[in-house]
């Protein structure tokens, strides 16, 4: 069950609700208590409350509503929160603050993998100059084969921190196992959950209830339905972390011209179903550098809040995914074009659909 | 084999090549002889020529090159013709001429099915006022169930012709069997081949070698690869009709929120592989009216040469596909927004990708 | 609407019902009148009857029930006819009669394409010796590319007729367009509708209402749902031909080790949903000769009523699909093994599932 | 790189090779050293060795061959080991030993989730009586929604251990995170890696290099290609655990009649590509109890080494997956039928395919 307080409750009132809950519902402790749009949102185990507890809670002046968790997803749904969520990233020292979820599209760029200190710093400067606002780079790499380059690990994280200090760009990097969440959170402004881990539930819970509570970018699984994806996001939010960003990165299909099949229709569909921001990864979706700038434009036209673009100063020698990495020059063009498209959409009085 | 003449050959030279061919290659008659970019393109049976015939043809002053058909597709490939094809539609009396394949996106709109004379004329006027340049409407309807409304047939074609006469809009309608090609060509400016018929080879040949040689809009099959689709187009062109327009309309996938899965990445990919124009049908792709305007914008941003949009003045009472039909008011907004996006792309010096 | 008479009505009674129908329902003529399980089944246009007509028909002693066509499919459903349909093939002179749909699996074998008289006769003898009961061979071939071998046409049909005369095996061959149905019916005991034509509705209607009324083998479309497939079968039956055999031949998927993805689960599922016989084509499904015998065994274990197996005496030189053609020796083994599996299933008292 | 010794090397010789390797290859330590078919298989980092090291190792009398890891998968491939692997399960006290990978199919049965001590013991007795050889039951459950029953955890493991002690059946249960591998290994004879974790690489490494080295059943991912699946298995083996069993459980597709799409063709295909045993899960594949017995027969006919079948004494009240659970009575029939099919295949002299 989910108990939602009125907006602007005091800490004392919040504490009263928690205590009332524990007292009435047999000592049950909240799974999480987060703040969404100025309200406290308390999630507890179970899909129902006994009538007496329900009545007592409902009558408390601090409680606005009690929501059953029988529905497939709740906390992430547009029905639960009608306003768009805006996720502010850049918690760590030296980082500029960037908001994901507003009208201006956010461009995340950088190499597939952190390969060396020099490579990363060179690319970080280049993507900043090209207009990117967040730096990406993999330190722990999920690779299909055990014999492929698996990333630099902790050393890669340190290089990312150094790049942030120099450029001011917040950094995003992947975390692959629950035990590493706290460590990666010391270095990363945003934690990435990769496609292969979209339904790694212990990992979702770990990024949800970690002490650092870093924003999480949750990539869509290779063959995940929209509902499964939103339920995976619900795991994170229900565990205590409302700062979730969805990332469409292409799904599996039958044509071999592209690596995956980019589902841009999910962008307006998600805007209907959820308040969470949505960004698009045309690099993994297409797997081919030539298609990335065009599909970036199309993603923004579809309403994406941002893009994540593999960028490398020497793509043909990249240790991974060079085929789909653009150059900083191509990134600069893409940034310019997507801003123009976003500008039109922002100017247009008609953007909100006339139903 | 395909024999391509130099540009601007005379009819006499063309005739000489055909006769030389017949004489040398054992009386073989051309399957087709079409004109592409000012050159005569003669297609004959077989993947090879004997050495003597090849030599004699190569040496004829009117012959530019001889192309083997061992490759999967030839005539439709970008390698065969580097310039974009522009398909001019509007052959029939009363029709304005519209070019599909240039910088300005072409909007095709109208009802799923022609339901009555009044319905069609009302919608035709409304979509013209909203800015559409071509009128769509089904007279023969391929329906999943034998018990669904199958269209008005010839009477529907007559209403389409009347709507053209009144509005000046060229009309597009589906043809479902080889025998009907000539009849439908008397009424329609563009013949539509539906998804279910993408590999109906006798039908492809019939629209290819029909006397009327109307432009053909070839919709992608429900699970067709890009190569299969281009080979289907090759059937039409090789049979004698170079005026083919490709139409992406969504492919089958696993999520039930939308009717099909729109593959917008195929647009820039097709621009690499073929010189044929590409338009997008977001109505069938999404199956949901609310998503159509947004995906229209995204399609144009992806480089589509136009859109085909199911439009109805009373969508909720439409005899078919009402769920995905927009109103004329929504069409007008969509026309305006897509023009703005196309304008940016046209203004932008960077549009041609910097490889 | 569908009007079903009681079993064993006389021709006079049947005629009375038709006349009553025409008189009451505004001169409406039946689309078709077929016999199923001893009952006359009259299909007419429209999903409803006015109350008076419904009442008058219901009260006629020859009428058993009146069925609405609002449901997705009717005539082919298990609800409409609970007993398994058995389709008897072998109408043409020289042909032995074979029943598809009973306990003994029927093996159909032969080359992808009829390549020459000698090739076909040699293979026909070989597959007969190996235990096959029906001969397959394509005379008109649907080919992905216009430059591939398109079949021998009428000449191929003549060779098939000659092979039947010599071996007594009924023959099956593909028909690709409505105009050819009567011609092909002169030579073929079974008409095949290929995957690409599963929703070629004029063709379905043509094989449904042809004068010859040959049994039809309807292959599943490349990405057809079970319901779409059954509705395609309903088109044929509603048009007047109840002799439909379904054929699963693999659907499109993402793995490149095999040509298609064989869906064997559809076999028991179809047995629940429809009374029509189901056969399996492991040749096209797998695309690889090595996998054919094993998947043949599995298909019979899943309850298939038969198999269609591409077989060639020299697979590596076949003009099409050699990679997936087995040899007569492999066919013989497959026939033997599938009979053993069918025997177990037939002996087993438990075969009908204990729900 | 992978260094393979001759069969039957002594520990001293093995140690010499390891030391030579460390000395020559810059102190490099083996990732793992396992025994396969009597040979020591030493895996080290990197895809190549310098020429001198390669030469020195090649000349050592204990070394049979040195294999590059440039190929997609090595240790699990049929090329690396031509004989079928047989995985012996039942390490824990009270457990009978069962071999998976031989001619006799192994039946694994039990509830989706361990719900209570009584439920589990009752089902365990019933599935043993019905002929099952291994007991399944989930203690930690990966659930799509955070609000669904998540399993009993450690208590569930204890009930499984008690059921093993009473019945002698080895037990299999899922492990979801690296940290839990040792704990679950104290209770489970086989560790299950679920579909959603097929590419959870830290988990694959954890079950590969755990001290207990329990056999692992690796379920195919929802949209995993065969190659990705084998590479996931390679992760486990390369990390030190050769006891891997593959489990096909259906892949995602577009038809809604069944939960997933069972890919039985992967069974003979895997037998070509890998020496690992393959079992089939028709419960999750079909999602419907009525289809399970038939598809079990088909799976065995396709060459599966066993089946895993959700079984419940009161399926309609099961806390999860009741719709797809069979009863012990249905299990008994399935065991009998699959044995008959396996018997035929074993008797048949022709089973090994005549290429």
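We call the chains A, B, C and D, going by the order they appear; numbering starts again at 1 in every chain.
Here is the rule we go by: contacts are C-beta pairs under 8 Å (C-beta built on N, C-alpha and C of every residue); 3 or more make two chains touch, one makes a residue touch a chain.
These figures come from a predicted structure and were not determined experimentally.
Novice: Would you mind naming the chains that touch chain A and likewise touch chain B?
Specialist: C, D
Novice: Between A-C and C-D, which chain pair is linked by more C-beta pairs in contact?
Specialist: Higher C-beta contact count between the two pairs: C-D.
Novice: Using mean C-alpha positions as chain centres, tell me how far chain A is from chain D in Å, no decimals.
Specialist: 34
Novice: Please tell me the distance, in whole Å, between the geometric centres of chain A and chain C computed from their C-alpha atoms.
Specialist: So the centre of chain A lies 51 Å away from the centre of chain C.
Novice: At what distance in angstrom does the C-alpha mean of chain D lie from that of chain C?
Specialist: 40
Novice: Which positions in chain C touch two or more other chains at once?
Specialist: Within chain C, the residues that touch at least two other chains are 223, 251-254, 256.
Novice: Can you name the residues of chain A that touch chain D in the complex?
Specialist: 47, 69-70, 72-73, 142-147, 176-179, 196-203, 221-223, 228, 231, 234-235, 238-239, 251-252
Novice: In the complex, go through chain B and note every residue touching chain A.
Specialist: 223, 225-227, 251, 253-258, 261-265, 267-269, 272, 285-286, 290-291, 293-295, 297-303, 329-330, 333, 336-337, 340-341, 344-345, 348, 350, 353-355
Novice: For the complex, which residues does chain B have touching chain D?
Specialist: Residues 252-254, 256 of chain B touch chain D in their complex.
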